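You will see two complexes here that share subunit A, one where it goes with subunit B and one where it goes with subunit C.
After this line comes the complex of A and B, so read on.
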C-alpha cells in the first residue's frame, strides 16, 4: 500500500533489491505479517460466517440489500474522512457539514416550508457549499497553522449553528419526488443511494490510485517534512483533501435528507464517531500514511454487518455497546503492524 | 509530530497562542448565548427560559411559548441554551441573575437532574422565582424553598408509554407480534415509557413482544434496526412501538423503503410536527403531544404569578408544587383538529389557568 516516493535522482536506476532484502527477511521470519493488511477483510468474512451460522436469514438476498442500504451513507462519509486521516489529520466537522447540506437541500428543493423548487440545481448548490466549507477547513488549517482537530471542531459547531439558524430549530419535510427517489427507488434491486455510494467509492479509488494527489496524500501522511523537502505542495494538497471531505459530507447530507425525507440541524448527530470508527477498523492508521478507500469499504461493511447481526441474533441492547467495543479493539489489534510502530500514543 | 511543540503542519505553535485562541473562541460562544431581545427595562421582571438548544423542534416551540407569554405582559424575554453542557447552563443562569439583580422569573429544563439544586439555590439567593421541568433530584422539593421555588413540572412516562402501546394494540386488532424501540437506557423518560409499554403488554397476553432494541432516540439508528428486524421477523411484525417520535419517523422511512409505509402501524411519543402529519396520513397509529408551547409559556406564567403575588406558593397544595402535566394522545380521530389548533396556528393558552393541566402529584420514588 505504501507509495514508493521517487528517490533522489542520484539513486535512480539502482536495483530495487537494495531495500527489499530487509523486508523479505522480516516476512520470511513471520509469514503471517504478509497477511496483516488483509486482516480486516478476514474479520469481515469471519463475522459474516459467524452471524450466518447462527441465523441463516443473514445470507438472504433481501438482507444483503438492507445491509448495503444501511452502509451507503456511512460509506460516503467515511470515504471523505479516509484521505484526511491518511494525511495524518482529522476532520471533526462531519455532523455540522452534513447538517448544513441536508438543511440547504431540504430548503432548496420542493418542501413543506417555503415555495422553492430548484430540484437538482439546488442539490448541486448545497453540495458545492459543503465543498466550500471543507475548503475553508483546509485553508484555515494550513493558513493560520491551527491543528485540524481545532479548526474542524469549530466548523462542526458553526455548521450545526448555521443549520439551526436557517430553520429556527424546526424540521423541514422534503416533498420533492426526485430527491426521495434516491432512497425509495431501486435499480437492479438496490436503492439508488447504494449505487451513488459505490460510484463515490470508484471515484475516490481512482483518486487514490491513479492521480498525483493520491500519491501526495500518502507521502505527506508518511512523513510530512520529507514530503515538503521533496517538493510536494503540502499546503495545496491538504486544502484539496479537506475540500473533497466537505463535498462528500455534503453528499452524505443529500442521502440523509433523501432517506429520512427531512432536514433538521441534528440530522447528522452520532455520525462523527461511527465514521472515524469505520475508517480505523478498516485498517487505516490514525497516524497517517497507511490504509485507503478499500480499507474503508471493509471497515464500513464490518460496522454495518455488526449492526445488522446484533439485531438478527437478538443480542440484548445492554450488551451491544460492549460487544461493539470488544470487536473494534480486536479488529484494530489484528490489523495494526505493531512491530513497525516506534511510539504508541 | 516528532517535536512536541509542532502542530500537524510541522510549524511551531506556542502553547500560549493556542490557549489564547481557545479562550477567545470560548468567550465568543459565551457572549453569543445570551441574546436579549430588547434592552432590559427597569421594573417589569425579565422572563428567562433555559433550555437545551434551539436546534430541536421541541425546544424551539417551547421558546415560542415563552416569547408569547413575555409579550402578553410586556416583559423582556431571554433564552438561555445549555447545548447539553450543565456547567454552561448553570453559569449562564448565574450571569443573568446578576445582570437583572434577581428581578426575573426563570423557567428551566435542567440539562441533568443534579443541576436543579445549584440553579434553585442561586435563584433563592438572588430573590428570583423559578419553575423547573422534567429533571430534578428526587429529594429536592419546591415546598422546602418557599416562596422562590414555585413548582416542578414533569410528565408521567409510564402513563403515556402505556397509552401509545394501547393505541398500537388497538390498531393491530388486539393480537399479533410487535417490536419496540427504546431511548438511551439510562434516561428516566426511556425507563418510564418502557415500563408503560410493559404494563400494556401484561394486560394483553395475545400481544407478543418479539424484540426490544435501543435506538438512542435517533431516527438513523431506528432506520437500521427496523431494516434488520424485517429480515429477522419479516411479516410477523404487526406493529412497531417507539419511545419517541424521532425514532418513529426513522421507523416509518425504513418501512417506506420496503413499500410497507402505512401497512404496519407505528406509534411515537412527543408530538413533533412530522409525527402529527404521519398520524393524519394514517402511517402512525398515535403519538402523544406534551405541548411544549404550554411548557414554555406556563412555566413562566406560574412563576410570574408567584412573583406578583397572584398565587402564594406556600399556601398551594403539594400537587400544585410538583405535578404531572397533561399530554394529549393524538390519534386518527383528533389528528386533524390538533393539527389546526397546534401546528397551523399558535396554540391558544389561557395564561391565568395555572393548574388546569395538573394530573396529580409526582410519584415519590
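After this line comes the complex of A and C, so read on.
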C-alpha cells in the first residue's frame, strides 16, 4: 500500500525545525529581559530621584537616617520571609510570632507589670521561643503535610491569642534601659536597630550564598521533586527555613518593643502585609526559586522610601495604604512569568 | 557488566515489561529501539532507580544490586541524561552538576564556590564544552543543557569505584542535526570511560552510534543484534512483529464515512511545532494521526481543541473558518476532547459521576437559570445505560471507577454536550485489554452515529485498525497519507517508513 497524495517527504538531512534551542527561554537573550532582575533596583533609584526632585529635604542626611530607621524592622521581618517564599511556601504568622516575642521580652526584662529583670538573657529566651514557634510551623507543615499557608495562618492567631492571654489584654511598659537603647542610642549616627538589621542582612546573605541550606532552598523552590531525587533532605531544609523565619520575627519583636517601649498583643498589626509586599516588590517570586535577600533589601527600601516620600509630600495616610496595595499587585504582575504558569490559583 | 535479568514490571494490571533480559558490556554503546509503549522508558527508569522491578533483578559485575532511588543508582555508577531535562533552571551550571554533593566543597558550613566551579569546569572539559559553570542554566540552549547533563553524569566517576553506565533517554529528540553530531562525537570519545544505553526513535541514529541493539515490543525483547549486521528495514520489521487481527478492532463495523465535511485544515501551522498540515474530516470518519514523539502530532491534536492556536493557515469547522484560542471555544463549536491524562484533564475525580457528565452542558432551568438536580441525575442515568458504564450509582465518585469506566464518563460528558467532533488523545493509555476493546466498540458506535473523530493512538496497530484514513507526520510535516478502509489497510511497516 503506497501513500496516496503524500507531499514530498522531508529530506532526512535537513535539521528538524522543532528543535529551535530558544524554545523554552525565548526571552533570556534579549538585553531588556537581562535587565529584568535589576528592575526593582532601578525603580528604587527612580523613585528616590523623583521624590528628591519634588522635595529637596528628601536627600538631607537626617531624612536618610529616618528612612533607615523606618526600614530596620521591616527588613528583619522580610529577611525571615524571603527564604520561606524562595522555597515556594509562605509564612503568615509574622504578626503572631512578633507579638509573642515582644510581649515575652517586655515581661521578662524590667517592666512596670512584674518584678522580672532578666535583661538580655530574657531577650535571648524570648527569641528562642519564637524560633521554636517557627520550627513548629515547619514541622507541622511537612509532618502533617498541611499547606504552609494554613499552618501559619493558624499560628498567626494562636500567637496573637497567647500574647493577649499573657497580658490579659493590657499593655506593659518596658523600663529596661538596655533594651530601649536599641532604638534610642546611635552608633555612627544610625540607631542600633539599623545596625542589627544590617547584621541580619549580612548573615542571611551568607546563608543564601555560601551554605548548603541556602543552595537547597533554591533547589527546592526551583523543583522540589528533582531536589528530592538529588538526595536533598527536603523536609529538614523546610523546617530549618521556618525556624529561621520564626527567629527573625522574634528579633523583629525585640526591635518593636524597643522602639515603642512597650509590649502588647497587637504590636505587630499591619506587619504581615508590608513584609510580603516588600519581599515581592523586591522581585522574589511567590512561585519560589527566584530572588533572595538582596532583592528583599531593595524591596524594603522601596517601601520605606515611598512611605517617607508620601509623608514629605503630605499625602494622607489613608491613601498611603492604598498605594501599598497597588504596589504589591503591580509587582506580582511584573515579576511573574505568567505565560509559563498553566493554572493560576 | 550491568545485566538486567528476567525483569518484569506491571502498572495497574498493564504489563509494561515482561521477562526482559539485557546485558551492557564495558565500554559499549547499547541501542534500545521500539514503538511508543514498547517498554523502553520503563526499562530505563528501572535502570535509573526510579522504579523497582516486580520480578527479576539487576546485576552489577555478577552481583545483584537493588536500586531504591536515583541516588542509589548514581552511587552504583549509573547516570541518566533524561529526555525531559533534569537540571534546575534557577541554579547555575556548576550548582546543578554538584547538586546534593556540596559536602565535598563545604568547610565550616560554608561552600567554597571557587572550588565547586573549578570542579564543575573539569567535568565540562570532559565533554569539551566551553560553558562558564557560573552561568544560569536557564540561559543555555537545549543542546548546551544536554551537554551539562552529560557532564553531570560523568561527575559520578569521582564518587564511585564502579565503571560508569550512562543512560541516554532520547537525547536527540530536541536537538538540531549539528548538535546531534557533536553529541555523538562526544559519546564515541567517552566510550573509553563509560558504557552507554541509548534510546532513540531515529533508527539511523541508533545504527550509527550503537555497538549492539535490542529491539523491544509489547514489553519484551524481541531481537538483539550487532549494529553492523542489521539494517533499518530489518529493525522496522522487528519493531512491528506479529500481524494484527482484524476483529480486535471491530473492522467489520467500519463503514465508509458520510459526505458532509465537519472539519478541515488548510495549511495549518504552529511555529516551532508543525507546518502546512492539510486534512479533511467527514461525518463518521475516524482520522488517525501517526508520528513519533516530536513529530508535531501532539501539538496538532492540541490545536484542534484550542490549547494552542495556529500561527498560520485556516481551520474550518462546519463550514465556518475559526480560530480556537481557548478550549471553551472548541467546546462551543461542538468539539470534545478525550485526553490522555483523564485523571487530571478529563474528569474531576473528587466529584460524582453525574456532575462530571453534565460538566460541559448543565441542565439548567429555563426560568431560574439554576441547575436542575433531578434532570442531571436522569441525564446521567441515561448515559450510564447507553455507554454501559459500570458504576454502583450515578452519584459514585469518579475516583472509585476503573480506568475504562472513567474514560466512558469523559465520553458521556462530551456526548451530553452534543459534541459532533471528538479528539481522542491516546484514549486507551493505561487501560487493560478488556477496557481497550470497549473503547474500540464505542469508537465504532460514535462513528456510526456520524461523529467525526481525530485519533492519536498509543500504537500503530490501533491507528491502522480503527481509522478510515491516516496522516503520518515526521519532524513537523505530513510525510504521507493512507486510505485505511477495510481490506486496504496499510501495514505498520508502511507507516513506520514515513515516521522515522
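Convention: the second predicted complex is superposed on the first by the 286 of 345 C-alpha atoms of A that agree within 3 Å, B and C clash if a C-alpha of one lies under 4 Å from a C-alpha of the other, contacts with A are read in each partner's own complex, and residues count from 1 in each chain.
Operating definition for what follows: a contact is a pair of C-beta atoms (placed from the backbone, for glycine too) under 8 Å apart; a residue touches a chain by one contact, two chains touch by 3 or more.
Just so it is clear, the model here is predicted, and its values are computed rather than measured.
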For this session: Return first, second, both or neither, reflecting whether A:289 touches subunit B, subunit C, both chains, or no partner chain.
Result: second
Exercise. Looking at the overlay, does A:229 come into contact with subunit B only (first), subunit C only (second), both, or neither?
Worked result: second
Exercise. Of the partners subunit B and subunit C, which touch A:170 in the superposed model: first, second, both, neither?
Worked result: first
Problem set entry | Residue contacts with subunit A in the superposition, subunit B compared against subunit C | B
For this session: Answer with first, second, both or neither: which of subunit B and subunit C does A:211 touch in the superposed model?
Result: second
Exercise. Considering each complex separately, which residues of subunit A are in contact with subunit B in the first and with subunit C in the second?
Worked result: none
Seminar exercise, completed: The subunit C residues in contact with subunit A across the complex are 69-71, 86, 88-91, 95, 99-100, 102-103, 106, 109-111, 113, 138-139, 141-144, 173-179, 204, 272-276, 294, 296, 472, 474-483, 488-491, 494, 498
Exercise. Which residues of subunit A touch subunit B in their complex?
Worked result: 55, 57-58, 60, 62-63, 66, 69-70, 73, 88-89, 141-142, 145-148, 150, 154, 157, 160, 163-164, 168-171, 173, 183-184, 191, 224-225, 228, 234-235, 238, 256, 259-262, 264-267, 269-271, 304, 307-308, 311-312, 314, 317-318, 320
Problem set entry | Contacting residues of subunit A [partner subunit C, same complex] | 1-7, 9-10, 12-25, 28-29, 206, 209-212, 215, 218-219, 221-223, 226-227, 229-232, 289-290
For this session: Name, in rising order, each residue of subunit B that touches subunit A in their complex.
Result: 1, 7-11, 13, 18, 21-22, 25, 29, 53-57, 59-60, 63, 182, 185, 211-214, 216, 218-221, 223-225, 227-232, 249-250, 253, 256-257, 272-274, 277
